[in-house]
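Here chain A shows up in two complexes: once beside chain B, once beside chain C.
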Partner chain A sequence: MTSIKRAKLITGILFMTPSLVIYSLYMIIPVPYALYLSFFRWNGISPKILVEISNWGRILVDSVFRKSLLNSIYIGVACIFLQVPLGLFIALLLVAKHLKGKKVFQTVYVIPLLLSAVAVGILWKFYLDPTFGVVNNFLLTVGLPNLRRPWLGDTSTALFAVIVVEVWQFAPLYMLIFGAALSEVPQHLYEAAVIDGASSLECFWHITIPLIRGVYITATTIALVGSIKMFDLVWVMTEGGPSRATELMATYMYKQTFHRLEFGYGATIGVALFGIAFGLGILWLRLMKHSVLSGQKV
Partner chain B sequence: MIGKRIGKRLVSMLVIIGGVLLLLVGSSSVALSKKVITFWYIEPEPFATMIEDSIKRFEEANPDVDIKGVQYPHQQYKTKIRVVLAAGNPPDIWFLWGDEGVRPYIEAGMVHDITDLVHEMDAMETGVPIYDYFLPTAWDLVTQKGRIWGMPGCMITFCVFTYNKSLFNRYGVTIPETYSELKSLIVKLQQAGLEHPVALANKAKWAGLYWLAMISLRLGGIDLWEKVRSRDASFTNPVFVKTFEENQELVRMGAFSEGFQGLDWDAGQDRALMYTEKAALALYDNDLPDYMVTEAGTEFFEKVDVFPFPRIVGGKGDPNTGYGTPGAHFFHVSKTCPYLKEAVEFIPYLSDRIAIEERLRYGRVLPVKGIEDLLVKYPRAANIYDLFFGFGRVLANLDVIFFLPEMGDEIMDVSQDVLGLEITPEEAVKRLDEAITAAYGPLRK
Partner chain C sequence: MREYVVRKYVWTCSLIVIAIVWLVFTGYPLIFLAQGSLKERFFESGIWELPKHFAFSNYAKIFASGLLYRYFINSIMIVFISVFLIVLLSSMASYIFTRIQFPGKRLLFILFVSGLMIPIHSTLIPVYIFTNKIGIYDTIWALIGPYVAWNLPLTIFILTAFMQDLPKELDDAAAIDGCSPIGIYWRIVLPLCKPAIVALTMLNFIFCWNEFLYALILVSSPESRTVPLGIYTYQGQFWGNISLVMTVVMVGVLPMLVVYAFLKKQVIRGMTFTGLKG
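And then the complex of A and B:
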């Protein structure tokens, strides 16, 4: 290796070290430790009791865990099929050349993303108040009183409400991501296609999609994995209730650990959550690489 | 030359890392000369200011001590304290509600034994030992195995109905003497246009528990609960099944607020219904009106009063049984606190003469001896005092006092599921039996 190359390598390593240290402390070390804890029964304050695989046996038959897994998957699916496309849709609207007030729209749409999950949760808790909330009162005003629901108080609507809020908060993120990706698409390709007689839909399908394919795959993977481990928004809005209607793997893990003082079982759920999010992420990437978006000639 | 370049980069990297570390370390050590004691509490305004004033009075008498008080909302505190206790870095002074709820932490040695200190040290300048400053009953919930592990610092609380007197007058309803009269009252208010007359915010699950506790107490008495805990009785006792049936009947009647399972108590989503006269009564602790002063002003505060849960005809429970605690929050000193004596000296200031009187104004009674002269001045508080000490016996709160944390949690879950009509009463009692067996052992034959 030349001395310049070596210098660059060492510089690179030096710059990576702080993030590697933080990554190890918060990611690489805790996961094996959680796996270790999952073989014990521990209330967090007394000595640990070795129970081998009994926590893992328990999680396989735990109906609440199954429910939380299903709920987490619903949210993941909703994020892939609602949040990301919505972000793309808004980005496409905003990329229009002659749109007046583009900057205003961009600023306004980004606001939900700038709020913390706790602030968003509290805000929507009031919006969704069955008696005083904006949503129900709006429905009443526009002549749709029968659509009013106790959104966060009813097991049949709570998860739906949480999903809507989650989509509302993070669609702007994908709007920004796709906005950047779309601006990279060379304009002359569209001009050439229009000259050849292509419609807007054909331009979108044959030019835009293939050229933002990589970004789309990354975005949906982030959405899927991120939503499966969601915690803060749900916690503030419903604490996983009512009656576990919005229980997610993360909230269930939290409750088992800190409310039931079952650290071993909580760790088990945590490791399962990690494994499932990891596995689903890989699966999704594989699926995407072999799908219509893979750039194969259509 | 290359070495110099690397050297420069290395030095600049180290400077940046060093600077960041210094910032992190430096920001945590502020006044090295003063003894700093961290203290967490949940009482909101106007009581938070009273607590800060108590802190000031203590610091004036003890200039070498700096008490850092932090106020958290109720549910947030419950979340945080469990996390920091499990992580082993709790604040120096923290509270729980005593008895079984704090037993795991006492048994794990996380809390100082202050028995000797409370007998030796005087409460403030009174010349009276701390132990004798408070009412004897106030020490019960922090005494385990004959030793004292915490101190009272908050008020007497017990379950009562808070109701809007003016609404009752308007709709011609009176305080019910029996449970059936209560149900008729609810129906009458509904017919008058109050669709859901009973305010309830059950997102955090403990709110609905009052209905479980009071009905079961009237039907079966406190002995049944104590027998269940000592494993001499089971939850399958018909009293509990009937209690859950009654809970579900109230839900089917539409007695409770719209969407009550999703309403947030901390955010006052059910109290808002009372303020806007969409609800006329609520079953909580006697301190509910206190929140109304700050939220809705003294005008509304003057409109509300309290009445006890009525008796159930045919019920075996003594109608004069209360559901509450003589001190609500009991403060503990962590083993990690380096200033035990100062901490023990500080806590009684939360109940000093000024603090007592400020709270009596709102009807809050601190469990301190010899306040009869003050009570005379505040009839609302005197009423609370008389009601509580007029009870034959008192059942401690099921979620945070009477049971170990995991059992308290399961009771809340079951109660919420029952009120959500998700499970039958039979399924509910079966779940409770399983949970109590896991927490306290099998039923004794």
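And then the complex of A and C:
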């Protein structure tokens, strides 16, 4: 018996160590190390200068950071109220009985999800171009020339344009998530309800919605945390411009660190970003405790 | 009865219209891209029009420079090594999480899963410093560690859930027959996990192939760039030549579309997994 126990122990150590080492080196230790760096002024090369909490004082009064936080919140809210419901809507469309050619629709709908943010960003920069872009030329063709805009170059529309692209790319993710959830709703519930004289709307409201509620909360969290972590798309399309209209916490952190070589302050923004994302995650776990999915194990 | 038929007809038609509207919203940008890349010069015909004559000269041009090959080779190497390591290490860790009892297991699992909530941006500066310190900055090796670490949490989470649902009787039977824990992992658990592993391979392949931020920070010289970083620098250099940039983007996304064309079911299954982290 002891030899089996020993074999198990050795296997445990052997199998767990590689993951733990790599994961700790690149994901866990960096967080406290970034916190440590946030107490210094440092350009990445010369010796670090201890400035105690002055970076933290600075972030509190930094109007650019506040702006970037606000932009992240806008994107988060837009994702929750546009992306997630749209995803659900398309998923419902794809399970509707009378729609033909579902396979073809679904196949195309998923494509944006597979593309790199860099490719999507460049593609949409062309698509939204003021002169040769498709959107402006479409507006011209349908007789609405006054609506034409330099979408990404105008401070009043840039963030909105970024959100549209974000929806374009990630709505299919929510479509897939909801599609999987909908396919697990037992059909006989609907059949029973129809026999009892329920309309399709009543079926949707009293059967579908309660059964996918947990998935809806999950999807909302993915959207929220995802929008806080957003970087690539905005970096490629606007680099946070024009005049910070699309500045996000991540883009601001990148600029401060690698363009202005303020490693200490960059680390401070990074830790703040971590705090916000993690806080939201914990909040979500609290919510999940009361939801349908809480039956799932850890 | 007549009214019912009419209503059904209207309903069906509106469904189709909505589906087509979304299809155009999704698909037209891609058509625009493909069409632009096939024009020799972007303004040779109107933006709605097809190219005057389908020209593959842009494709020839970008491959003639040779650097694009390099980006592809780098990306393929990095992604293959990373995805292999992610799946192997995750399956090993998940096996321990589901099959062996040890003190602090729950805590260790929470440590891994909490990685789902860590934004990689807050780790960037330390990772940058660390990569420089160990002397692999600006090589393709700089990216493998971060890619593996960044994708372990989700993969471990999903595989652990999957392995938990496998019947334990098979393990016991094998153990009685004298199979070692490693043997059980290799001969019984791993083969049973094959569908999950295939889907997770797809998912991680997509994530790693498209990754941009780590590459932007940990790699600088043209010889070490990945495909996304290569495309990004390319558009900076050749912004004036729209068709050429579109061609580069097109070539950059093609591998993914080919994978999707052949392995659609597995790709979709993999992407759907991201919704399971509840």
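In the analysis below, the second predicted complex is superposed on the first by the 256 of 298 C-alpha atoms of A that agree within 3 Å, B and C clash if a C-alpha of one lies under 4 Å from a C-alpha of the other, contacts with A are read in each partner's own complex, and residues count from 1 in each chain.
As a convention for this text, contacts are C-beta pairs under 8 Å (C-beta built on N, C-alpha and C of every residue); 3 or more make two chains touch, one makes a residue touch a chain.
Computed from a predicted model, the values in this text were never measured in an experiment.
Visitor: Which partner chains sit in contact with A:F278 here, chain B, chain C, both or neither? Use first/second/both/neither.
Guide: second
Visitor: By the touch definition at the top of the document, which applies to A:L88: first (chain B), second (chain C), both, or neither?
Guide: A:L88 contacts neither chain B nor chain C.
Visitor: Between chain B (first) and chain C (second), which, if any, makes contact with A:S116: first, second, both or neither?
Guide: second
Visitor: Just checking: does A:I45 make contact with chain B only, chain C only, both, or neither of them? Give me first, second, both or neither.
Guide: first
Visitor: Check the contacts made with chain A and report whether chain B or chain C touches more of its residues.
Guide: Counted on chain A, the partner with more touching residues turns out to be C.
Visitor: In the superposed arrangement, does A:I59 touch chain B (first), chain C (second), both or neither?
Guide: After superposing on A, A:I59 lies clear of both chain B and chain C.
Visitor: State whether A:V234 touches chain B only (first), chain C only (second), both chains, or neither.
Guide: neither
Visitor: Scan A:T218 for contacts with chain B and chain C and give back first, second, both or neither.
Guide: So A:T218 only meets chain C here.
Visitor: Please indicate which partner A:L173 is in contact with in the superposed arrangement: first for chain B, second for chain C, both, or neither.
Guide: second
Visitor: For A:F263, is the partner it touches chain B (first), chain C (second), both, or none of the two (neither)?
Guide: A:F263 contacts both chain B and chain C.
Visitor: Which parts of chain A are in contact with chain B and also with chain C?
Guide: 4, 7, 11, 14-15, 18, 44, 122, 126, 132, 257-258, 263
Visitor: Which chain B residues qualify as touching chain A in the complex?
Guide: 2, 5-6, 9-10, 13, 17, 79, 82-83, 85-86, 104-105, 107-108, 110, 202-205, 257-264, 267, 269, 272-273, 276, 278, 405-406, 409-410, 416-417, 420, 422
Visitor: Across the complex, what residues on chain A touch chain C?
Guide: Answer in residue numbers: 4, 7-9, 11-12, 14-16, 18-20, 22-23, 25-31, 33-34, 37, 44, 90, 93, 96, 98-101, 105, 107-119, 122-124, 126-127, 132, 134, 137, 141, 168, 172-174, 176-177, 179-181, 214-215, 217-219, 221-222, 225, 228-229, 231-232, 235-236, 249-250, 253-254, 257-258, 263, 266-267, 270-271, 273-274, 277-278, 280-282, 288, 293, 296-298.
Visitor: Hey, which residues of chain A end up touching chain B in the complex?
Guide: My answer: residues 3-4, 6-7, 10-11, 14-15, 18, 43-46, 122, 125-126, 128-132, 149-155, 158, 238-239, 241-243, 255, 257-263.
Visitor: Can you list the residues on chain C that touch chain A in the complex?
Guide: Per the stated touch rule, the residues are 8, 11-12, 15-16, 18-19, 22-23, 25-30, 32-33, 36, 42-43, 47-48, 89-90, 92-93, 95-96, 100, 102, 106, 108-127, 129-130, 145-146, 148-150, 152-153, 156, 161, 164, 175, 180-182, 185, 206, 209-213, 216-217, 227-229, 231-232, 235, 242, 245-246, 249, 252-253, 256-257, 260, 264, 267-268, 271-272, 274-275, 277-278.
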